[in-house]
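Each of the next two complexes has chain A plus one more chain, namely chain B in the first and chain C in the second.
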Partner chain A sequence: MSARAVRAWLPALSFALVVGAIAWLNPRAISYLGFNLMLNLAVPIALATIAQMFVIAGNELDLSIGPFVGFVGCVTATWLRDSPLLGAAALIAAIAIYAALGALIYRRSLPSIVVTLGMSFVWLGLAILLLPKPGGKAPDWLLATVGYQPPWIPLPILAALVIAGVAHFGLMRTSYGAILRGSGGNPAALARAGWSLLKTKVVLFALAGCFGVLSGMTLIGITTSADANIGSGYTLLAIAGVILGGGEFVGGRVSPVGAVMGALTMALAASPLLTFMNIPPDWQVAANGAILIIVLAVRALVSTRE
Partner chain B sequence: MTSLLRTLSAKPWLWSFLGALVLWLVTVAFTGGQGGGGMLTAALALSQFTVIVGIGQMFVITLGPGNVDLSLPANIGLASAVAMKVMDGNDSMVVLGLVAALACGAAIGTANYALIRALRIPPIIATLSASFIIESADISYGRGLQIKPPPGFADFTNLQLLGVPLLAILTIVFSICAGIALQRMVYGRSVLAIGQNMRAAWLAGLPVGRIRLLTYTLSGALGGIDGALLAGYFRGANVDIGNEYLLASLAVVVIGGTSVAGGKANVPGIWGAALFLVLLLTMLNTFGVSAGLRMLITGLVIVGVIAAAGGRE
Partner chain C sequence: MSSGSVAAVVELSDAEKRFGAVRALEGVDFSVFAGECVGLVGHNGAGKSTLVQVLAGALAPERGRISIAGALQTDYAVNRALQLGIRCVFQELSLCPNLSVAENMAVNHPSLRGVGWRRRAADLIGMKLDEIFPGHDIDASDIVQELSIGRRQMVEVARAFTVTQVPLALVILDEPTSSLDAHTAGQLLAYVRRFVEAGQSCILISHLLGEVLRHADRIVVMRDGQVAAADDVAAFDRDTLVAAMGGGARKAPAVVHASGGPRSDRALRVRARPARQHDDAELIAREGEIIGLAGLAGHGQTDLLLAVFKAAEHRAVGLEVTAPVALVAGDRQSDGIFPLASIAQNIGIRSLARLRSGLLISARREAELARFWQDRIRIRTPSLDNNILSLSGGNQQKALFARALGSDARIVLMDDPMRGVDIGTKIEVYDLLREEARGGRTFLWYTTETEELAHCDHVYIFQNGRIVANLDRNEVTEEKVIQSSFSDAG
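Take a look at the complex of A and B:
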């Protein structure tokens, strides 16, 4: 198998390894109910990962996606339930702010790390203002949607397939998707060919905002109530998911299908696998780091042969 | 007035000091002149911790695009626990505890660079993966233990000379040394050269690998010592003690006039930016602003200041 093919299959391989390990340790987990339970929280992580992937595709990094998911969660559990119009308007405004950030970062050539780190305080502050204490309740239609049990295939797996499919089609199979990836791969060439780099940056950030909103709403659908800090772990998980899924930090090399698989791997490895291996929860975060390092090490080994 | 403006445009980092001064004046005006001195003492005491890690982060960022140390918060947390455990409430063990924290931080920095080199991954991902592991190590190591610092060490970190915290004086001395190292020594000039053009620096015969290793180790060691001092100042180590220093260390470096594109650094600006951020919080606290609003305003000010300062020209 060529090095390129190994690289492409690495996300699937690591996912299969983690599922295989779980099946070996606890065969009963591999069932409709088991997957439902284990992968429940993987769906919002996958959505946040796709959001981060759009930002990384344009050679930027979003350190505010976690607090943003938390903010969306707070809006969902309060305004979206009590006055849907106000809630929807707030969420659309949030996406508009994301788009505006893209424009600001491009226009003033700012470091996205610092800008988004600053924004993480803004989202967290807004979330605390909206919901000073944990509480609120998810709208009933959202609870019904997230709680739906389709025949044969568990909802989280179905959702992951749909998310991966939509993102893959949009970014990898459409002509503007190629332009978006190009804005990360070779911005100078793209600009000379007459495409607006401002527009690509705005579109990528707006897409990140959209998927961030979806992530927050799904999360609240699962947890049923909100907390301003609910998304705090998502920033790092989302970056890890993108990289695990074969994304490169520079050059617009990302893979939506890989990113979703990366997110699922993280979600499974972080908690169910460790529980079955009787490893104390203290080391759950370390498992994420270790998996990331192992996969990157394998990738480095493979690339040497290239 | 025009000469003042000329000085300001020639030295943009002076803006951060000016901003800090304005915030202080506004707060003092609000309190009617009450506690202005105490406010400055507290601001210096809180800024020193940001400055220590800020200087480490500055050297790392100056290495060029993509170089950043995201493991500082986890590093500070672990080192604070290590220092407190080694000291074990015993004043005679203070020096050993400080050395242990320094060594712990330096080891983390070295490990960060080892990851960057061995896996050929961007420093952001390397330091991020490392921080996951460090954080877990800290949770597991410092589990449920709120170990108090030895009384002598706690007093030392809170000591003041005529209203000026002793640690702040030491940090200023260290900042001057860092400034000299940056501008006048081979090490600092090498860091700047690598940041301007890594390939050119390598072709010119600079030991690029060794300088980068040294820089990441330095950043880690500073994080380690910061953790120990924080645990002394706040009278106890805990896992979250370093959390705010990710944003703080990056923000003071960028607001302080260091170029994120690398190759251009500024030490005094770090002090100005750190004082600015602390006094901003002091002002908001004095106004009695709620926690959510305080965060919101802090975030907006940071984004606003960075947007106004602009990025790579």
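Take a look at the complex of A and C:
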């Protein structure tokens, strides 16, 4: 098998390994209900990972996606329930701000890490203004959507398939998707062929904003109420998911299917696996980091053979 | 052929362009007519690249008029040029490495979209590759990153000749054969002739003067931002071209060798067997020798150089390296320069141990080393503290030579380092190499240009990762090299 194939299969392999370990530790977890419970929180992580992936595809990094998800969560649990128009307008405005950040980063040649790190405090601040202490309630239609139980296939798995499919089609199969990825691969060549790099950057950031909004809404649908800090872990989870899924920080090499699998792996390894292994919660965060390092080390080995 | 009565495909008159104090174009008149191939030659910095960029709409001149097919252009830019059927293959590769060959088609053909665009793109590029390079082994689904540099150039050239909506009028090829081996370069140039005979036009920029003399209808020579000479190809030969470019009377020098005494007397520097060698042929390099590695591009020459480079640090089976090694990279953008560092830092990086004072790098010693090599190899820059990217391509390559030659390495590995370098620079570097060889340095020199083998004491021809011929310097002829490269022995 070529190195390229190994690389493409590595996300699937690591996901299978984690599921396999869980099945071995606790066979009853491999069931409709078990997957529903274990992968519940994986859906918002997958959405945030896809958001991050769009940013990484253009050689940038978004350090604000976690607080942004938290902000969206607060809007969802308050305005979107009480006055849906205001809530919807706020969310659309948030996406517009993301797009504007893309434009700003491109126009002023600013490092995205700095801009988004700054924005992470803005989102967190806005979220705290909106919801000073945990509370609020998800709109009923959202609760109903997230609580839907399709026959045979658990909703989180179905949702992961749909997310991966939509992102894969948009970024990997359409011709403008190729241009978007090309803007990470060789921006100078794109500019010379007459494409607007401003537009590609704005589109990528707007897409990140869209998926960030979906992530925040789904998260609130699952948890039913919000907290300004609810998304704080998402920034790193999303980055790890993209890289775990076969993406590269620079060069426009990303894989939506891999990113979703990376997110699912992170979500499963984050808590269900470790709980079944009887690792106390105090150690779970560290164990999680160790799993991440091992998988990335294997990937680095594969890459050097290429 | 050119004729005054027909409107030119492209006509540029009295163009002027400055970059700061440098006048890149000074009142240039240039035109291309339908059905001709115009050869454009000149030193680095003569203004060729600027002229090309202006024609392609990538740069706007400060003064001058540009007419396409007789119509004066007022708002000329890249998109307008593309609409008018003007394409350009730039010297540095402009494919997106992370995309597949077919996906790269979308970059230049916005009309490739909607249902089935990938299929159409793959068919288009596949057919064009078959047409220009019959027998190629490139698949449209290959990721560009995973193709060799020669194959990337084939894709890039083929892409420039594909047509979707806009009919092609003019294709500008800037050093299209620099990474191609003799066989594929021949296929491309033959295609260029077919292309212009069908009534379209082409501008061919090449530092291989023989290529231009054989395939152009008309040659324009640039020098210091001006057109120094322009005439039918029959009016030129190699010497008059070099003279017009400002090479003065400097002909390619008669080759002088360092060799004193029989080979076996001198100390062994490198003994290497390629990993895929079945018989007992091996490469042997001794002190003070220039050893050429030849054959078709990408047939294991670079691999051997890298193996020797590694063997200098860690012992390896089948390799014996007896002295410190330095490598001059061929792909200078990705393997050679440190783009964020200054010229002096780029030169000193291989010699840090010597430049140290205490724990720190001595800026004074670094500057001394860089100045010494600036004088020796003539790097043209106002200050060595400038960023390396402020240099022209040829001068960047000189800085890379300075890095290797300024180090303690007794063995210098060169991975086709003259790619896209102007002839003046080359002649200077050749002189320097001979001088260094006389001083006892050993050079392993992989080159895709057969002419350069004349500078070598001994030449090994590679095919499919193996040494297939082993020529002494008086046996080296182009015919022999090509014969060995295409022999069935591999």
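Assume the second predicted complex is superposed on the first by the 305 of 306 C-alpha atoms of A that agree within 3 Å, B and C clash if a C-alpha of one lies under 4 Å from a C-alpha of the other, contacts with A are read in each partner's own complex, and residues count from 1 in each chain.
Basically, contacts are C-beta pairs under 8 Å (C-beta built on N, C-alpha and C of every residue); 3 or more make two chains touch, one makes a residue touch a chain.
Computed from a prediction, not measured in an experiment: that's the story for all the values here.
After superposition onto chain A, the modelled positions of chain B and chain C overlap sterically. Touch criterion met: A:179 reaches chain C, while chain B stays clear of it. Of the two partner chains placed around the shared chain by superposition, neither chain B nor chain C is touched by A:7. By the touch criterion defined above, A:195 lies against chain C but remains apart from chain B after alignment on the C-alpha atoms of chain A. Of the two partner chains, chain B is the only one that A:297 touches; chain C does not reach it. When the two complexes are overlaid on their common chain A, residue A:108 makes contact with chain B while staying clear of chain C. Among chain B and chain C, the chain that touches a larger number of residues in chain A is B. After overlaying the two complexes on the shared chain, residue contacts for A:243 are found with chain B alone; chain C is out of touch. Of the two partner chains placed around the shared chain by superposition, chain B is the only one that A:127 touches, whereas chain C remains out of contact. Only one of the stretches 295-303, 349-357, 421-429 or 439-447 in chain C has C-alpha atoms clashing with chain B after the fit on chain A, and that stretch is 349-357. Here chain A touches chain B in the complex through residues 61, 104, 108-111, 113-115, 117-130, 132, 228, 236, 239-240, 243, 249-250, 280, 282-290, 292-293, 296-297, 299-300, 303, going by the rule given at the top. Contact residues of chain C toward chain A in the complex are 56, 58, 78-79, 82, 90, 94-99, 103-104, 106-108, 110, 112-114, 117-118, 121, 143, 146.
By the touch rule above, chain A contacts chain C in their complex via residues 4, 173-176, 178-179, 181-182, 184-186, 188-190, 192-195, 251-253, 306. Contact residues on chain B toward chain A in their complex (touch as defined above): 66, 68, 115, 118-122, 124-125, 128-133, 135-137, 139-140, 143, 246-247, 250-251, 254, 260, 290-300, 302-303, 306-307, 310-312.
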